[in-house]
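Each structure below appears as structure tokens.
Each of the next two complexes has chain A plus one more chain, namely chain B in the first and chain C in the second.
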Partner chain A sequence: MSNLTATAPSETVVTPKAEKTHRELRAFNGLAHLALIFWALVTAGPLLWVVLASFKSNTEIFLGEPFALPSTFSLETYLSAWDQAHIGQYFLNSVLVVVISTAGTMLFGSMAAYVLARYSFFGNRFLYYLFVSGLAFPTFMALGPLFHILKNMGLLNSYLGLILVYIAYSLPFTVFFLAAFFKTLPHEIDEAATVDGASHTRKFFQIMMPMAKSGLVSITIFNIVGQWNQYLLPLVIMQGQGAEEKWVLTQGIANISTQAGYHAEWSTLFAALTLSILPMIVVYAIFQRQIQAGLTAGAVK
Partner chain B sequence: MYAVDSPPTPARSPQTPPAQHAKPVRRRSQREARVAWLLSLPTLVILIAMLAYPLYRMIVLSFQNMRLKELFSGATPPWAGFDQYTKALTDGVFWGVVGRTAAFTVVSVSLSVLAGLGIALLMRRVHSKVRIFMMVAMMFVWALPQLVAAQSFRWLTDSDFGVLNYVLTKLGLDYATHSWFVNPWEGWTVITVLVVWAGIPFLAISLSAGLTQVPKELLEAATVDGATPWQALRNITLPILKPLLTIVTTLSVIWNFGLFTQNWALRDGHPEPVYQTLATFSYTQAFGRSNYSYGSAIAVITVLLMLGVMIFYIRQMFKIGEVD
Partner chain C sequence: MRHGKYPFIIGFLAVPVALYATFVVAAYVQTFQLSLTSWSGFGVIKYVGFDNFVKLWEDELFWKSLRHNAYLLFLLPILTIALALVFAFLLNVGGGTKGGVTRGVWGSKFYRVIFFFPQLMALAIVAVIFGRVFSSDKSGMLNGLFPDSWSPWLFLADERWALTCILAVLVWQAVGFYVVLFSAGMGSIGEEIYEAAALDGATRVTLFFRITLPLLWNTIQTGWVYLGIAAFDAFALVNIMTVDRGGPDGATSVLAMMIYRNTFEYSQVGYASALGVVLFFLTLTFAALTLRVTRRDAV
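Entry: the complex of A and B
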């Protein structure tokens, strides 16, 4: 600093001001940390509460001491939720449906987005707008007719019907996102592959898919989360005779809570709520590297 | 050989190739068109079967009068012309629901976009470890099923055993058995807090990803030139962020306008008239009262209303996706 002032006198005027702004910036950064930590508590608070309450017995919940730790960390409430409230069955149903429908969404969505983004052919714009226009319609709009159509096709109260509907509701955003993503990828590599005689299939699976990995991971997580969360669609589709055995997790949870009222098992409800978060922890653990890479990419100075 | 006669960016600028190459190129582009249609086919079929056709049926249904009898017998319901629409449009209750849904959408979207943007901007300034911690916390909130979040909030605001009343009472306020849903303003505040709380993570994560596109050098240069942080935000950061902001705001409006799960669950599956939104209203009319046609007419009007207000932004959103 002194060197600077010696060689360039004009800087002397600027330096104190720069130091001041620097100090202000540091103070501001401190405040930013505080604000974010506070917000993290607000964000995570309700979640932690649910987890804490899931270990408590019913009596403990109604003691009126919401901040107290449970007397023992027993898994009894979880066992009761898993077996008696059939949450185990619903959990597995949900996993089955979401795995198949996310896989289907990603396969069909990436194929369509790829050709829409990289090929110029007659009808390209028409297909693109047809596909993404689904984004503009709120989910609940076509529920009534959807119900009748599935009924006529015999797909009401069947996993196939639910999976097809999940895929249909996820495709518009998937195509929209991936088409934009495929367009940003360089053209040189797949042109080189074409010269070397690679087939369309090979170009798609061995060149485009690896290059688009980060985009594919993001949208996969988005779809898993979205489909795992669905409540309204299964509520409409999974009804009728014997539907209770085929319910997905969200329906099971809603069922506990409508039955619970003040009488029965609130603790079971909280155990079920906690169980519903588990798959997201698994998804996060699997994709941890990609997620963190994506998150820190822009942060490296 | 292909590399020579293929245009530099085939997807964007289909140029007319030189005459002597015309024949092979056309054959190749025909083959490409076949492949393209083939690969789009599954998406096309599923979307037409599960979204477009139901939408068409909904419009047809809204001009009929379908009740339980027709539902079970499978007979074509009698045509009713614009009766269902007249019924809805002359119904004060319906307009009340429209106003409520619109007001909720405006308030909740503005709050969550502002908060999401603020958090995204703050996250640029903190240590990378704090940032990752924040991201993880937000991932979990975002991943939480809406229903689960609503159930947690129902418990937090429970009049007898809720944490909120407990804390307020401890602070010396008389909230011991206060019910949060008697006064609709309070009830809607709870619903709005829930929706904003659950909506912020998606916005903050996308916007902070968008902020990484803002070149640091540009901001530094502006600061050196004496720009205040506010000026830098308004004149550099926001313009670069604008396309992304348009997309996430438009999506938030569409999602929040269709509010169903949160008010449905917080009111135990029987929302009182004052807690009805267009989604729950249409659902209750169609499935609760078996007025399938009336429910459809409400749904059609809702789509038209929303498209009327949002068409400009929706078009912009699609354009952005196209160019990028």
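Entry: the complex of A and C
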């Protein structure tokens, strides 16, 4: 009798009406589940299909039974994706770049946000709005100038260049978000620390950073995901002689996809895709709450 | 007590401001400057006034790309938000009331986890996957699912449908994010409001339109702006998925793709910068308009 609400006792008395709502509720619930299952299939279907196809031979792929099980399960395609298609290399490149650039983004972003949020000085508002205005500019409108700035500095086709650019382009949102966060922290503790003789720098690292932990975690996740998924910036920066070895995962996959078209090595492509999605699924399964919170944090603010 | 305040401030700001000024501010300022030149990317920079903008006005591909961006701009937010609202509502309120408590349907946590996952994937990887899903022979997931008697659908190779395929992929990726976002919003709507409405005999449909929707308005508005900005991009999908990168015959060309090709393939940095400037004002106008038109008094 789930239709009977404690707050609507009148319905318990009028039985025919209760019957009717009960039936309606069941129908509604049924439809709700149908709709939700449908979308779950639409979401997971293509991913499952990729995993299945990674074990199939070319002939099997072209048979046209996308969700049929492969005739054999062998890891051969995975070995060739890891080795010959260099997925392993691209993966490590991505890890290297994102670890350093996210660490840098968080360090410099929180330093700037802290100073802008809690110290008054001439030019404070100007710098704050300069950072925040970066949110309004689409990244790809300045591709040409960005390319030439890096070229003139000799940073083209180098990890250093890519990392610095990642940091620079992540700063607007990081500063915007963390400045709002640092503003909400209580001033009493701040003052007590000053009375006790703590320096500004020490106050930041030993008092403010720990207090801002929840905000820092959200925005760190946001930046890791954003930088890991970046495609346009590496495409612009990692070009030239010997760039292939330095490509990050997104670039590598896109290239394997083009190559697979020429050589008809579809199963290798599917294995490469599986290898690049699998770690995300594992990480997501463990940290899904934090990840959802981190990615939606920006929109809730 | 305020001893050493300025050295500290400068010390903390120096690196972030320098990085930001070098790679972001300088690049954007130069875009505006270069939009008035005929620079190819090499050699001397020659100023040509507003020539690039005149050329752009007469460029058929520009108008075509703009129409494609407008198509995405209109449909991506509408479809994504509508689907996400329905799913979020089903997940949170769909279960009806028990003992005066409004519940979500059974398994709502599970659905939320699945729906959200595509948001974590790089658009580039999503593009590669869907490039295969939409393959125009039997190796494609969709053509493989269709009965054998059907002749294969062309999808991305069909001028009429290629852009719709791009739209579908963008919606596919975005819905889960907004389901989670709207769910959080719905969770914060007080239980007693739903109870009061249920007491007044409101049906679920009424609940949705009279309570959930108005109270979520701010979140929806933010979502609209985000999705609109995503619709101005779509570069990764067009570059990776489509025939001839923007084809067939320009049927999926978007402004971002034009900027990329003019910069790196046609050596027309000046023209690309003019496109960038136009894009900037379009984005800004869109964001300002959305925030203004959809503004409502607090409920």
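Please note the rule applied: the second predicted complex is superposed on the first by the 224 of 301 C-alpha atoms of A that agree within 3 Å, B and C clash if a C-alpha of one lies under 4 Å from a C-alpha of the other, contacts with A are read in each partner's own complex, and residues count from 1 in each chain.
Definition applied: a contact is a pair of C-beta atoms (placed from the backbone, for glycine too) under 8 Å apart; a residue touches a chain by one contact, two chains touch by 3 or more.
Computed from a predicted model, the values in this text were never measured in an experiment.
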Which of chain B and chain C A:A192 touches, first, second, both or neither: first
Touched partner set for A:S257, first chain B, second chain C, both or neither: both
Which of chain B and chain C A:L130 touches, first, second, both or neither: both
Partner chain(s) touched by A:T184 [first = chain B, second = chain C, both, neither]: first
Contacts of A:F38 with chain B and chain C, given as first, second, both or neither: neither
Partner chain(s) touched by A:F176 [first = chain B, second = chain C, both, neither]: first
Partner chain in contact with A:I277 - chain B first, chain C second, else both or neither: both
Partner chain in contact with A:A117 - chain B first, chain C second, else both or neither: first
Common ground on chain A, meaning residues reached by chain C in one complex and by chain B in the other: 28-29, 32-33, 35-36, 39-40, 42-44, 46-47, 49-50, 53, 61-62, 64, 66, 108-109, 111-112, 114-116, 119, 121, 127, 130-131, 134, 136-138, 140-146, 148-149, 164-165, 167-169, 171-172, 175, 194, 200, 225, 228-229, 231-232, 236, 249-250, 253-254, 257, 266, 269-270, 273, 276-277, 280, 284, 291-292, 295-296, 299
List of chain A residues in touch with chain B within their complex: 21, 28-29, 32-33, 35-37, 39-40, 42-44, 46-47, 49-50, 53, 61-62, 64, 66, 107-109, 111-112, 114-124, 127-132, 134-146, 148-149, 164-165, 167-169, 171-172, 175-177, 179-180, 183-184, 187, 191-192, 194-195, 200, 225, 228-229, 231-232, 236, 249-250, 253-254, 257-258, 262, 266, 269-270, 273, 276-277, 280, 283-284, 291-292, 294-299, 301
Residues on chain B engaged by chain A in the complex (per definition of touch): 1-3, 6, 8-12, 14, 29, 32-33, 35-37, 39-40, 42-44, 46-47, 49-55, 57-58, 61, 71, 119, 122-123, 125-128, 130-149, 151-156, 160-161, 163, 166, 197, 200-201, 209, 211-213, 216, 223, 251, 254-255, 257-258, 260-261, 265, 268-269, 279, 282-283, 286-287, 292, 295-296, 299, 302-303, 306-307, 310, 314, 317-318, 320-322, 324
Chain A-facing residues of chain C, complex: 1, 4-6, 8-9, 11-13, 15-17, 19-20, 22-28, 30-31, 34, 41, 83, 86-87, 90-91, 94-100, 105-107, 111-125, 127-133, 137-139, 141, 143-145, 148, 172, 175-177, 180-181, 184, 195, 198-199, 204, 219, 222-223, 226, 229, 232-233, 235-236, 239-240, 256, 259-260, 263-264, 269, 272-273, 275-277, 279-280, 283-284, 287
Chain C-facing residues of chain A, complex: 2-3, 5-8, 25, 28-29, 32-33, 35-36, 39-40, 42-47, 49-50, 53, 61-67, 108-109, 111-112, 114-116, 119, 121, 127, 130-131, 134, 136-138, 140-150, 164-165, 167-169, 171-172, 175, 194, 199-201, 204, 225, 228-232, 236, 249-251, 253-254, 256-257, 266, 269-270, 273, 276-277, 280-281, 284, 288, 291-292, 295-296, 299-300
